[in-house]
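One chain, chain A, links the two complexes that follow: it is found with chain B in the first and with chain C in the second.
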Partner chain A sequence: MTAQLPYDHETELEHVLERCNAARQAPLPAKDALPEGFSGLLGHFPVYFPEEIAHAAGLLPVNVLGGGNRLEMKHADARMGSFVCSICRSTAELGLNGSLAGLAGFVTHPICDAAKHLAGIWSRNFPEQLSQILYLPQNVNTPGAVRYIAAEYQRLRAELEKATGRRVEDEALRASIRLYNHNRALLRELYAVRRDEPWKLSCIESSLLTRARTRMPCEEHTALLGRALDAVRHRALRAQDKPRVVFVGGFCEQPPVEMLETLDDNCYVVDDDLLIGLRWLSADVPETGDPIWALAESYVERSAASPVQHDARKSKEGYLMAMLREARADAAILTAAKFCEPGLDDQLAWSKHLDEAGIPYLVLEFEEKMTSFEQMAMQVETFAESLLFALA
Partner chain B sequence: MSAVHTVGIDIGSGAVKTALFRSANGASEWLGKRVERIRRREPMELARQGYDEVLAEAGLKAGDVAYVATTGEGENVKFATGHFYSMTTHARGGVFLEPEARAVVDIGALNGRAIYIDERGKVLSYKMTSQCASGSGQFLENIARYLGVAVEEIGALSQTAHNPEKVSSICAVLAETDVINMVSRGIATADILKGIHISMASRLVKLLKVTGITKGKVLLTGGLALDAGLLAALREELVNEKIAGLEAVNHPDSIYAGAIGAALWGAYRHDKLKALQEKAAA
Partner chain C sequence: MNTVAEKMPPAPAAAGFDPRVEGQRLIRQWYAELEQASELGQPVANVFVMGNAVEILRAFDFKLVFPEINSLQTGVRKASEEYIRLSEDYGMSPDVCSYVKADVGLILKEHRHPAGRIPKAHLAVASNMCNTFIKWAEIWERWLKTPTFVLDLPGQRSAGWQVRPGDAQHAADARWVEAQFQELIARCEAITGRKLDLERLAEIEERVNRMVLHWNNVMVLNRVCPAPYNAMLDGLTFIGIMNVYRGAPEGVEFMRTLEEHLKAKVARGEGRVAEERFRLLFSGTPCYVSMRRLVELFETWGGVFAYSDYLTFAAGGMDAAELLYDTSRPLESLAEVTALAAQRGLSNQFFAHERLARQIRDYGADGVVFHGIKSCRFVSSGMADTREYLNRRLEVPTLYIESDLIDPRYWSDAQIKNRVDAFFEALGQRGGAAPARGAAEAQRRSA
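Moving on to the complex of A and B:
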């Protein structure tokens, strides 16, 4: 009889995180190295994109999240003003330096002027790629919102069919919806662990696990999430005396990992809006009936909130307060990417409201390309400690 | 209220310091201490080692400790209960060691800072050295090595100087170049060391002035606190700068200030958390 080695959950989690981190840093796969079942890659800009439509068309959805803090800017600065946020400039740079040459197309959204105009840069500089703006509605509270979104999704579906020469059948879309529903359910479980047992899963680990979906098939990501969740739940870590905070402002441009490490060192980040687009649909999309309508209706009726959407049912102050309440947080850390208009707009509203509500908060500014974190670490450390003493 | 045991662990860039306390009814008793120079070893392992040793010495088990508090670079100590900012721990530890202290000058291996405090150890203001390491213990250690002087001889030797040669107080690289030039010019080792002490003291006095403190005792803490040459230079600089109300002092256990403060704040947090739990249960 062979002695079985004990299953080491920490090692298992380490392997999953390594895979996720490698996916984050890897270049796009070449045409002959695409995952099975995919004929190409479809790039899309944050915040939300209906990945199911690309998936059903046989295109691997790749969420283009800028160039991080190791990308040398050589071309984009000549085409975009220095007052444009880092993620837009570095996305243009990635296109211009050839890093995104493997994309069959690139879809952006009118979440802000800079993001919207990326489509123009794309169509002018990369005519061989499909370049599209997916016009998600500015106002989701009108009776025609679902019909309007459904029409936009149908238009996208037709564009992808034309680009791939492959029909996107309803059944294929429903199959993709099922896969993504499962994936989003696991992401919700991941965030439940953050909320209920934050010492078992740090913000940076959660961010790495979530972000991996931007660079791999949903199927593979779902399998990784399942393994990670099992390992996390078995983690033998003890709770520490740290304040519980909600972190908002990372909905589009992603804060550098060093910034998230700083937060983890000093606080339990019990909820955040990092990559909120990947978790945008907050409940299962109906798996029967018209799949396009189901996706459009879910966007309006079963969705999260972010500074790039205006929904009278979800005020800026209201959804932040709900996050704080549901995560039983002591305080908020409000951040915004440098030059991010929607982010800075909400930061102001949030600060004013938290002042009135008497909830402690810290305001931080970040940029994906920042490399020095000492000052920020000191601010976060001081804030966390002031909470420990103020809340005592 | 029953007595609780708390441990403070201060992971600095040069050494790991550990302090064990028993607290009850607002009084705290210092039961044990350890200091271990890092010397290219793993600080987290040294933290565990120091922790195990102080407990063993006091006949305690890990389960007897109510709160393990880290400070300095100790955020990632896995067995810690909580972590405190080193500014707060040095301030609290400083008042424990010298109740009359109204400022703490913490000078460690990589930086120095002046912390203006009240009688409870509350930080009123502070000023740190910038990124340059010319006012740090590591810099002084490097110079001592170039001069062939043992670290523990620096203080006494510096006090025998007759004609101290000042070095750059702005930049460690320039200061090192200054020292090399002085050696080649035949300047006595004691004069070089005293010059460095004056340069460091001058920086520290500038930091103190920025905090706004005008009178009271200034306790030196950190790895260089027991350097008698630095203390003497600091006293001289206070006179030169005409800050008569400040008196620079040190304490034999100054190096433990951060660990002491962490252990004491740990006891405070433990009591508060317990009160919060009792309130929630009620």
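Moving on to the complex of A and C:
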């Protein structure tokens, strides 16, 4: 008999983070190694995707987030111009180098024109995979938007039924909604810790924990989040003298891990828009009634904001100011992925607005594939020091 | 809905009609009217060329500002760099659409455009067909407090997308478009203090129908060899009128006369170039600062652009929908046709290989020229892959060149000329003897 080791929250958190990091870097599971209950994998691009529909169809939703800074570009350079953002190019590379051959399909969204082109690239190069644009509307304000989204979700449901040969029952959808509701509630708790006790959970830890959902069943992810939250709450770390900042610009292409580490070294990132699609639905989706309608209605009525969704109720400046206020932040880190037109447009708008509001900010441009961080580290350090000086 | 098969009666001949001169006159007239709009207290709307509900706006007598056309006109008038630099000095990234930057430059210059003063809009309609439209409209919302209506058009969802009028998918999409039109109408009523006159809307649609019929015939006329016009030079004038005067009597008259003019040219066997050697498709947007020069590089070799996808997507895509408005149900029909045009003529840009394959056949093209624009992801992001696909699957010779819509800093004459010359050498070898006259002519002109 082996003796039970006493619970140690740091070790526990380390184990959870290791599992999350391994999931981030692992290749897609082979057909015969799929998690129990799944018959295939469905790739989807950021920002938001109704994972519940894939989950209920027995397809593991895999959020394709590009290739990071370790991917060698062998094919995509010849297929997508150098003026296209890195996540699109590296996603194409992952397709062309065979890394995504195990997907039953790939769904992209009308978040920007480059992302829409991925559907064409997919259909030309991987005709055996289902390749689709899920046309989420850019107008969510006209009455009728929910009805339209519901029709679009029904279309997706039918496509997945055809691909898997099995019906997606309402009850299965409701069960998936319940699972994802629980998961999103835990993610909200995670962000509450960042806001209230940022010394207990760094931005990089939080991002690794969040990102793990893109590569594992929601059930497993929820269990990991529960363990992580428990461990984090037991942490006895002390607050340091660091400025509180909000980070924006990570809604689609993800900044490299090293960049987030640089931020953590110098600031408390008390809120961010990293992988906002996974947290898009900001309150529970109704668990009774028509599940497709519930998802569609939630997209319109209980949702976050991003530079790639127009919503007359949420100006870009307005939601940044709300983030700053609610997180009691001293300043903002305004980033944009290189060549991301919507991101670059809003970065400028935000900076002009913060100028007027007298709120300090730092402008940074990143690329998922960047490997050198010295200069950025210096900028962040200087910015943090100047903030501390001003706040003293 | 009517189909385009119901052809128009033949129009009288067009003696003395010069499409370029007449086009320029009409564009001048449009700018002159815009200058007066504020003075006359007329409502003004900003609209884009793809998915714009112009029929509704015209029914409320809105004066239409096309910011894309304003921006391209700064290029045509060799003034774009000044506007673009102004916006970059303000902080705009070099990597965003140069049309947007020229427009921001226009705002910074207090709406003074080389063609006249542009009035401030009471309303902006931005569709999702190009996502930059939305980001652009957000700039007006932010700076000028322009009320914005985002018109969401459900696009082509996948390759091989087959939607037919009246099927369930089309009905669902049209219903959504119509719901948005209802809201847009309410907004227009609030701005103008007038109710929508459905008869007026039907009248405008009737004119659009006539324009589209003539337009389609004009496109078909270029399937003839020799092609009577160059799609990327003369075609740019046609497209300007198609947009600015869509649904207006002047637009109908221009298209009618244009068709007659071109028919007469065809009857005379008169082509755009003296000796047509190669028929080409042009994929992408023009480079308005150097378009004449670019076309010259091709025509020197006897290469004519018989067609360009630009003529479809930048003219509203209705020709591709192959539908006309049913004026007995003007609003429903507008929604139905708009939904279909969005899928068949606009958002099919994301699956460009499908229509290019068709157009290569329809226009008897010897090759395809792709013009990539760094700052226009709508046309350019999938271009290299589409090109590879056409080369591999259809064995069609292709050429890829890169510059910008209106930013002269991206035009590299020597480099583009080298590539064009090499392309024609290869085309010549492929089709038999090298086009000696073209080579000699190219040499002479560059000397």
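Convention: the second predicted complex is superposed on the first by the 386 of 392 C-alpha atoms of A that agree within 3 Å, B and C clash if a C-alpha of one lies under 4 Å from a C-alpha of the other, contacts with A are read in each partner's own complex, and residues count from 1 in each chain.
Assume contacts are C-beta pairs under 8 Å (C-beta built on N, C-alpha and C of every residue); 3 or more make two chains touch, one makes a residue touch a chain.
This structure is a prediction, so every number in the text was calculated from the model and none was measured.
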| item | value |
| --- | --- |
| Partners on chain A (chain B, chain C) - clash or fit | fit |
| Touching partner for A:H117 - first (chain B), second (chain C), both, neither | second |
| First (chain B), second (chain C), both or neither touched by A:Q240 | first |
| First (chain B), second (chain C), both or neither touched by A:I177 | neither |
| Touching partner for A:D345 - first (chain B), second (chain C), both, neither | second |
| Following superposition on chain A: angle at chain A, chain B versus chain C, Cα, nearest 10° | 110 |
| Which of chain B and chain C A:L208 touches, first, second, both or neither | neither |
| Partner chain(s) touched by A:K316 [first = chain B, second = chain C, both, neither] | second |
| Which of chain B and chain C A:L229 touches, first, second, both or neither | neither |
| Which of chain B and chain C A:A23 touches, first, second, both or neither | neither |
| First, second, both or neither for A:D265, with chain B first and chain C second | first |
| Smallest distance from any CA atom of chain C to any CA atom of chain B, in Å, after fitting | 25 |
| Chain A residues contacted in one complex by chain B, in the other by chain C | none |
| Residues of chain B defined as touching chain A within the complex | 67, 75-76, 78-85, 87-88, 268-269, 272-273, 276 |
| Contacting residues of chain A [partner chain C, same complex] | 78-81, 83-84, 88, 92, 110-114, 116-117, 119-121, 123-125, 127, 130-135, 137-139, 141-145, 147-148, 151-152, 155, 307-308, 310, 312, 315-317, 336, 338-339, 341-342, 344-346, 348-349, 351-352 |
| Sites on chain A touched by chain B in the complex | 237-238, 240-242, 265-266, 381-382, 385, 388, 392 |
| Chain C - residues contacting chain A, complex | 91-93, 95-97, 100, 128, 130-132, 134-135, 138-139, 141-142, 148-152, 154-160, 169, 172, 175-176, 179-180, 183, 347, 350-353, 372, 374-375, 377-378, 380-386, 388-389, 402 |
